[in-house]
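One chain, chain A, appears in both complexes that follow, with chain B as partner in the first and chain C in the second.
On to the complex of A and B.
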């Protein structure tokens, strides 16, 4: 009986945190997973947050690695992150993970599809309000991220938008929308850092 | 010497698995009952709250608007029907009317929302009357628009959260490519306002070239006025549709009443199953202690003592089951709420399951009462056991 009550309490605690703040979910996971990982046979959804993971210490570490402070009321320790673990039978093909990012005219939702080693195999902006939305959501822009990993983004300077190595080769398709481009780059780096914290635990390729 | 209560309590632990299973069955029944009773109360409360938060009791739209609303959702602002703005003065002059607030909803297709685009809606409201009628709205940041035709927006809590907007940030209206400055973010209300982007009505009219047109007119009726009479008069206006929120409420409550009969039947069945479970458990326990009860009686226990002992056991079992069920209903209220929301075709915002002292009290009393009723027969059988026969059956 005691065990049953403890299990009940745990379920309640998990669901309470799930409804606490706005996350970044795929609009249609069945369709989107199949589109990004055509060979997949299924996926598992997990809800994570810094608050329930490493807490304040992890938050400080993420901010430090990002090189930019978390800003505004929506980027905080409570934000729930949705992790899609993509399966082919029992094997893990990779992960899909999205983050919300403040843009010039609204929230930007940037999703990355990563292989089990943390290398980007897909890039997808689910939502973006910008005068340059078409360019930033184009396939040619997305292709520039394929094959990159956190190691490549480590040197990306978020506050100044300065890049080195392969990341420097990523071209802004809409120079007039430089702030939205930089917001997308920040979101990608943050996404990779969070994935490293939640999934890869420093095992960089 | 051990009291009857103590003995009854100890007896429950003799067959732990059986007691636990019966307890769980009782708890589940109590959970279902409390949740359904709470739903009866909560749904009405949530609906009342939603309607009160609208700030007006009657809504005037152009004829055919409910169908156009579907168009709005599916295709954006095209094809909407509109009221003429002079309707505001016509309605305001009625003696029953305290105030009116004009509204103009416009929706645009945003191709960069999701894989295949999505709709973003903007509600134009009158800065003079709307804040007054919506007196319950509070700001988390900023305030209402500074001018009647300002290029400014006030965002509901969830709309702002989704768009990551703060006061001073900009919004871009797709299709027409117009920039709007965010001047206020509302606190969470638990209503549809949370997802709304409000703009001054004049701004919406100018941006979407809908000067002199409205999609709705909210009417606040004077306290002692006859709403039915006013509605009759409004029906006579040309090309308008009157949506009485009290009628909406009554229609929804009638629909829900049908569902309520079904859910209460389910609750009744759950309680009956628990009752049968209690009879079975207590009767089994009496049969197993047939000889023991015979010995008790031969040592001087009166039939009433044995009867009370079994009734006490039943009471303890049902009380514990009822209490556990009530705890479940509190603990899982949020999950129950989500399940009900999925099942119902229309669910108001806010909590649908309202658990209060009355609901808890009724649940507990029903569980204990039904349980005791079920325990009467086994107690009666136990009280009638003859000591000689019982002891003889042991020797056999």
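On to the complex of A and C.
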């Protein structure tokens, strides 16, 4: 005899912070913060969304600046973003912020560590199961992003993967995984735009 | 796990101007029983406070004991379950624990009541520890070694099956690998439970399809030997992310015993309030 059970489950996340668990969190923030900002003494976690920020106008602006439409479960107006404000005592050393990005198979999570002026001082791919994961996670690939900022990525054409200026110098370490490389580049630009919208408010270096 | 239910999930971070120092988490649900005297049953999962002391995180309350794959694997809401469902450790237990992260992995330990969801003091206790190498989200692999010893109670959900605690002692090894669209989890446990020699082997293979792996197909054989008698159970399941709030899941379990086949379908919703 075969039993058929129907199990429905409804869970309500009672705080914005928990809802953010479905967004893009550092898996081990203690370890990652210390590695990227060794001089830090702590970090403060806050949760942001376009819905709670600038709403539909901001969403349209982000899409326009990205130059590519939003799609999938991780790109919509109420997707939560986790912002780690890195502290040394009460002073802010910088930020760590991650975004989800559609990859060839499964999602990719791309984190940027930014100084208080919005300049990249760390690049970190957390989730990535691509066959080219080793190359895309290599230190030599990550180093190519250091010192760049949103103004460098402004001219990056997401749909065609065309770059100019310093971004054009970023080399794909795995030519056979061109779509994952382009997904990472899109995630970096999206990340920088969102940080500009959420934190820097257009005060680009 | 496989009951219609409605629940909540609450998390509060504790911070000062210099950063986060702790958190409080509570997660519970009201489940509906088709059979039994109590048609509705309140169940508590997370109910703990955690804080950092230098590099070490300490928690107290109802949380995951430091034992096996289940202690490092979020199976919240899923239908196929790890070895805790087969009597090897507990999904959650009452007590306290500590953990520290290292660049190469982490080490965790806990001292809990060995009673699972309900809280009893009948001379029961469970000490557990797990060390793991590799960070799954960074390295795409993780491997752990666990040891547990105590006198535990046989409970099922909120219900106490035996009133006296029994000796429990196990050692185990587990591993997880992610590659491309594939995931593989393995766990092996051996030891003594309720006066019997026990061993278990667990495997879960998953394959992701469609964009962002929103469709996942999984297969799960679990073999348990109790004083040499083998029980082999096969499980299979599929999960499809409908949208950011809803996931549909289906699962089937079967073994050689007659009348012991299950098919479970689930619609799972998760909303911010």
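Keep this in mind: the second predicted complex is superposed on the first by the 185 of 205 C-alpha atoms of A that agree within 3 Å, B and C clash if a C-alpha of one lies under 4 Å from a C-alpha of the other, contacts with A are read in each partner's own complex, and residues count from 1 in each chain.
The working rule: a residue touches a chain if its C-beta (ideal position, glycine included) is under 8 Å from a C-beta of that chain, and two chains touch if they have at least 3 such contacts.
What you see is a predicted model; the values in this text were computed from it and never measured.
Of the two partner chains, chain C is the only one that A:44 touches; chain B does not reach it.
The partner of chain A that touches more of its residues, comparing chain B with chain C, is C. Of the two partner chains, neither chain B nor chain C is touched by A:179.
Using the contact criterion defined above for the overlaid structures, shared-chain residue A:70 touches neither chain B nor chain C, since it reaches no partner. Once chain A of one complex is fitted onto chain A of the other, the partner contacts of A:127 extend to both chain B and chain C.
Overlap of the chain B and chain C contact sets on chain A: residues 1, 8-9, 12, 15-16, 19, 21-22, 27-28, 31, 72-74, 102-103, 105-107, 126-131, 133, 137. Chain C makes touch with chain A in their complex at residues 1-13, 15, 17-21, 25, 29, 52, 55, 57, 77, 79, 101-103, 106, 135-138, 140, 178-182, 208, 211-214, 241, 243-244, 258-259, 261-273.
In the complex of the two chains, the chain A residues touching chain B come out as 1, 8-9, 12, 15-16, 19, 21-22, 27-28, 31-32, 72-75, 100-107, 125-131, 133-134, 137. Residue ranges of chain B in contact with chain A, taken from their complex: 20, 23, 110-115, 158, 161-166, 169-172, 174, 177, 179, 328, 331-332, 334-335.
On the side of chain A, the complex with chain C involves touching residues 1-19, 21-22, 27-28, 30-31, 35, 41-45, 72-74, 76, 78-79, 85, 87, 89-90, 102-103, 105-107, 109, 126-131, 133, 137.
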